[in-house]
Amino acid sequence: MNPSLFSPEGLAGVIFLILICVTMIGAIIATCTKRLIRSVSGLAVCFVGVAGLYYFLSSPFVAMMELLIYVGAVCVTIAFAIMLAEPDEAKMARKLSGLSGGLAAVCGGAVSFALGYAAVNGHWMAPAVQANDGSLKMIGQSLLTKYSMVFELISIVLLVAIIGSVALARAGRRGN
Amino acid sequence: MEVQAEGAGEDKAKAKAKKEEDVPRKNGLIETEYAKRGTHLDVQINPDQVVKAAEILDGEGMTLEMVTGVDWLKEKQFEVIYDYSYSGGQLFRVVVRARVDRDHPDIPTVCRVYGGANWHERETWEMLGINFVGHPQLEHFLLPEDADFYPLRKDFKP
Amino acid sequence: MNELIRLLAYMLGLAAFLGLNLAYLGWVERKGAGHFQRRTGPKDVGPYGLLQPLADGLKLMSKQLVVPANADRALYMCAPILIMVPAVLLFVAIPFGEHLVPREFNFGLLMMFAFASVGGLSILIGGWGSGNKYSLIAGARAVSQNVAYEIPMLITAINIVMITGSMDLNEIVRQQGAYIWNWNIFRLDKSLLMPISFLVFFICSLAETNRTPFDMGECEGELVAGYHTEYGGMGFGLFMMAEYANLVIGCSLTTILFLGGWQSPIGIFPGPHWFLLKMYFLIWCFVWIRWTYPRTTFWGLLNLSWKYLIPFSLVNLLLTALFIKVF
Amino acid sequence: MLTLSTQLNTYLVIGAVLFGFGIFGLVRRPSLIGMLIAVELVLSGASINFMAFNRFLAPDPTVGQIITLFIMAIAAAEAAISLSIVIAVYRNYKSIEVEDLVELKG
Amino acid sequence: MSGYFKDIITGLKSLAVGLQITNKEFLTKPITLLYPHESVKMYPRYRGHIELVKDPETGRNRCICCGMCEKGCPSGCITVKSEKRPGVKGKVLTAYILNFTTCSLCGQCVENCKPEAIKFSNEYNLASTRREDYIFDLLQKLHPEGVPEPEVDPELLKKEQEKEEAAKKAAAEKKAAAAKKEAAPKAPAKEGGESKAEEKS
Amino acid sequence: MSSLAQSQLRETFELNIGPQHPATHGVLRIKVVMDGEYIDRAEPILGYIHRMHEKMGENRTWNQFWPNMGRLDYLSAMAYNHCYAGLVERAMEIVVPERAEYIRVITAELNRIQSHLLGFGAYIMDLGGFTPLMYAMDEREQILDLLESVTGSRLTYCYFRFGGVYNDIDDDFITGTRAFIKRFRPQIPMYHKLVTGNAILMDRLIGVGPVSADMCRKYGATGPVLRGSGVNYDIRRNEPYSVYPELDFDIPVYKECDSMARYMVRMDEMVQSCRIIEQALNKLPEGPVMAEKVPKALKPPKGDFHYAVEAARGTFSMRAVSDGTNTAYRMRLRSPTYSNVSLFEEASRGMLLSDALAFLGSLDPVIPEMDR
């Protein structure tokens, strides 16, 4: 039941493959480059790919939030931090080689293999019926009813984060 | 400062005036005719007195307008001329002169008194080679950084 | 298959629309600047200088691509392309007419903001990649300004979402009626502060598109040319085109959210022409403002955001919620 | 190949690979910011899993999305906090490398 | 609080006033002079580069080759070349070279010129990519079709010829006397000096 | 922590503003040490257009030095002409005909308006507003045309001569000047509406770049900088030269000491210059424009002479040391921008970058004049 390449489904499949590539390439750039600013760009690319995957998982809202928060906020923040803290890149590059690289590859490979193995071999049971369509409206409703605790927690976490980061940044400044 | 009222020498015979100006002047004050010279008071002092003079004039609320260096090659001297003016109302211009030896052109800086003297002295240093002792930054300013000549000296050959 | 053909047609149409806009907005700006300043603006190339964009484009394209020695080559080359992508992609969601929508998303508004936030990162990358301190400062400024003004802009947009109950851009337009008093800007029955809210949104879109008086990212008086100091040729051209693309998007969004999109102000002949009319009027306002005002400082900008825009938008949000709940 | 998007396993494997990349980066990177980037990868690997399960297996398809949103908020908060810590550390030690921060103990 | 709103209102008002003004300017006609299509009106006193004045009576320049312009010029951009021609009163200008690259248009030369032989031209459209194009020979510029020969006064010519012959005679005598008296070294030096003086003067 | 370690911890970086930079109006270089967006230290570095005018004064005869005066401050060259003419006339005791003095005042004041107009336009352009520059250029162009019709040059005037002026003015110039003033007067309120009253501009200028009167005195700052700090000092009033004592005008003084005050002084000076020109035109006597007995080869007596005028940017004064020959023994040019900019380093400490550039613009530097 392979769809034709030129049917809408086929095109969607191609786009999905492209998205996977984008995600993987982004992840590779994010972890393997020497310069941090490049790895942030890689991270941004990876997140764009992930947002696309979310779109395929029929939750466009989360996809958009992924772009808005990860690419627009987190990546920018990290880029700012790199500018402010300006790591010594030559030194960094020197340290990258050797043992830690091998160790890291072994760790990462092992973890992903284990997880992938578990995923492929798992017996996942699909539910008989889904309670709703998981649309934006439903998310909103459940956020304010069933999962209101989560909602409150998010806001508290964010508030604490804002206050904490402002306090930390200011304290460092006064230390001069 | 020693004050010698030499009187206005301008009205005297020309020959005498010429003679007077040929030899370097003695220290002291001269009241000059403003219409003719553009200054009211002409003060000749020793190099070590310039800071004191600047302090006195600063106390009177005067402004240091410019610092000029003149190379008197024949007399083997540099003359440093400080122009002071009064911006507080009445017109009053004082010119303070000090002569230093051409071989050891050291003169104390008035930077501490007048911040604006910084650039003027720096310029005089690089154009004439007059060393302003105590100046915070005697570096090349208008000339290129590698200039090892003093263009305003009279014996300067380009 | 039909769907594919429709999409293809839309893509072609959009490409033409975009290309014309990006080229001729530059002409409009220069001509406008000229006349605001007692000059004539471009005049010699073609009638009224209408072929000027072509000449400019040719000039930019024929220029040598110089990569500065200090630059991070990959990032330097990527940034102009990266900044174009979201700017162009966003056109897909804009409803030009009731049935003239390339693709209707039911979260179009959110998508606008999501993609717009990506643009900031590419400015930062371009500024950093140039290896120039001016570019770096400018990039940092531009991005922090974008982030700061996204807050009041989002809050104001949430207002509209609350009023219309939808994030679908076309739906938002549909809900605004045919007459001028039915547009969101004058929906005083929903919130008394709607005109001010429009002003807030307008100012924010000025800031988001890095236009004077908020062009902190490219203030030539201080930072030479800002984040595109080191770009020449088409690199610079892409940055400029992205600026105009963002301009079009910002004005379209303002039109859609507040000025009734393709709705007619007099109740007859609704259609894309009204949309374009309103959008170009807003663009003209942008040009007008640019050639009238000096630039603010960074603190002036943050002051405006925190002291005026955010309080106003929050108050408006509360008022709207109250009105919706009460009436 | 073209129907991969409709299979749960694809997403799970992608999530696992991303997670693995995250671990890889976490071990490999000597600097705090690099590690932070790796952590973001780990988190998005996890999020993909949540989203995949939500799409294919969950009886209530909002729960996974809400968890993902929660993760996003946490990630944003974490980024803000940890970056301000990084900057504070940098101000005091002129370095953001983990090895150099051993002195913190003393 | 009222100050807060007052600030906003006055601020917005000032911004609106600015927009009004630019809008008014937008609607008025531009004042640009479209330079290559329209020519700029030049004033009679405009100081272009200097040029020689054509005497309406003789149709030639008025220069008496006194060299005052050359001496007065602060930047030394004028070179006057002249020679003595048989039968012509005064010296004859052979070249008037102006190095316009260093000229500062101060007008000292025009001021110094007694016979008013030079004036400022009205030429402003000078453009070139080569420096050599700005080293003018003003005499050539004055007579582009060829410099006319100066009028020869027959009487003067006669007189001069007589004088010259007399001088020649005297010189020959002197030379003969000198040759008799001493060895040669003095003579060439003297000759050289004479020719130089004649050339430059 | 030791002080050395402390200084290493400051996150500063160096930024070179100039020598080629839009905000420096020429080839001024400012080496800025920045702490984020704040300025830690800003050191102006001069000399990129240094031409050694003082040495030229020693090598050129007194007459030959004329063109140099127009090339110091190319924006208000007339005042510099005036100073040099005054200096040598003082030394030689030449009496200038009254008509010539009036012509000098008229042209110098027109030149001052022109200079302030460009200063105004360029300043606003520094702050990001491009349009006022074009309006100012329009007005300025008319002044340049007027001056060109008299002097023959547009910027680097070499119009004054010892004992008078190069040539007389004609009726066209007089009517043209009257017409210009009539047209120009209403433009200034327009500028105030368009620019001065603008909320954004006020935000940028008010309180930015404070320079106290005492600081001006210490640094020898003059002109609008001094008058913007509340000191009523203008050479035209305090050390009257030419026919200024016979003319009625005000000296605009602002006490705020900020960039706005300096800007306002310039704007108000343009109005006062219009007044001066009108009065001078009304009083213009008939007569010659050159003194009769001016020797061709000037040899001022021995000694040194000082003369000061109020140029557009402040006090321009010259000190010439003569040894009785036809060249000066030493020629010293005191340019106002030199002193005005010298306080930039101290005053800009701790400012924001954009404020510092607004401050620099309010000093209205002209670099060729500064470097000489």
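Note that the chains take the letters A, B, C, D, E and F in the order they are written out, and that residue 1 is the start of every chain.
Criterion: a contact is a pair of C-beta atoms (placed from the backbone, for glycine too) under 8 Å apart; a residue touches a chain by one contact, two chains touch by 3 or more.
Given the structure is predicted, the values throughout are model-derived calculations rather than measurements.
The pair with more inter-chain C-beta contacts, choosing from A-D and C-F, is A-D. The most centrally placed chain, judged by C-alpha centroids, is F.
For the pair chain C and chain E, the distance between mean C-alpha positions equals 59 Å.
Centres computed as Cα averages put chain D at a distance of 80 Å from chain E. Rounded to whole angstrom, the centroid-to-centroid distance between chain A and chain C, based on C-alpha atoms, equals 27 Å. In whole angstrom, the spacing between the mean C-alpha positions of chain B and chain F is 25. Each of residues 15, 18, 21-22, 25, 31 in chain E touches at least two other chains.
The set of chain A residues that touch two or more partner chains comprises 61, 65, 73, 80, 84, 176. The set of chain D residues touching two or more other chains comprises 91-92. Within the complex formed with chain F, the chain C residues making contact are 33, 36-39, 133-134, 137, 212-213, 215, 219-222, 224, 291-300.
Every residue of chain C that touches chain E in the complex is listed here, in rising order: 32, 34-40, 43, 288-289, 291-293, 308. Of all the residues in chain B, the ones that touch chain F in their complex are 18, 21, 35-39, 61, 63-66, 68, 70-71, 81, 83, 85, 87, 89-91, 93, 95, 114-116, 118-119, 127, 140-144, 151-152. Every residue of chain F that touches chain E in the complex is listed here, in rising order: 60, 63-68, 70-71, 131, 135, 138, 145, 148-153, 156, 158, 161, 166-167, 190, 193-195, 197-200, 202.
Contact residues of chain C toward chain A in the complex are 1, 3-4, 72, 74-75, 78, 105-107, 110-111, 113-118, 120-121, 124-125, 128-129, 136, 140, 143-144, 147, 150, 167.
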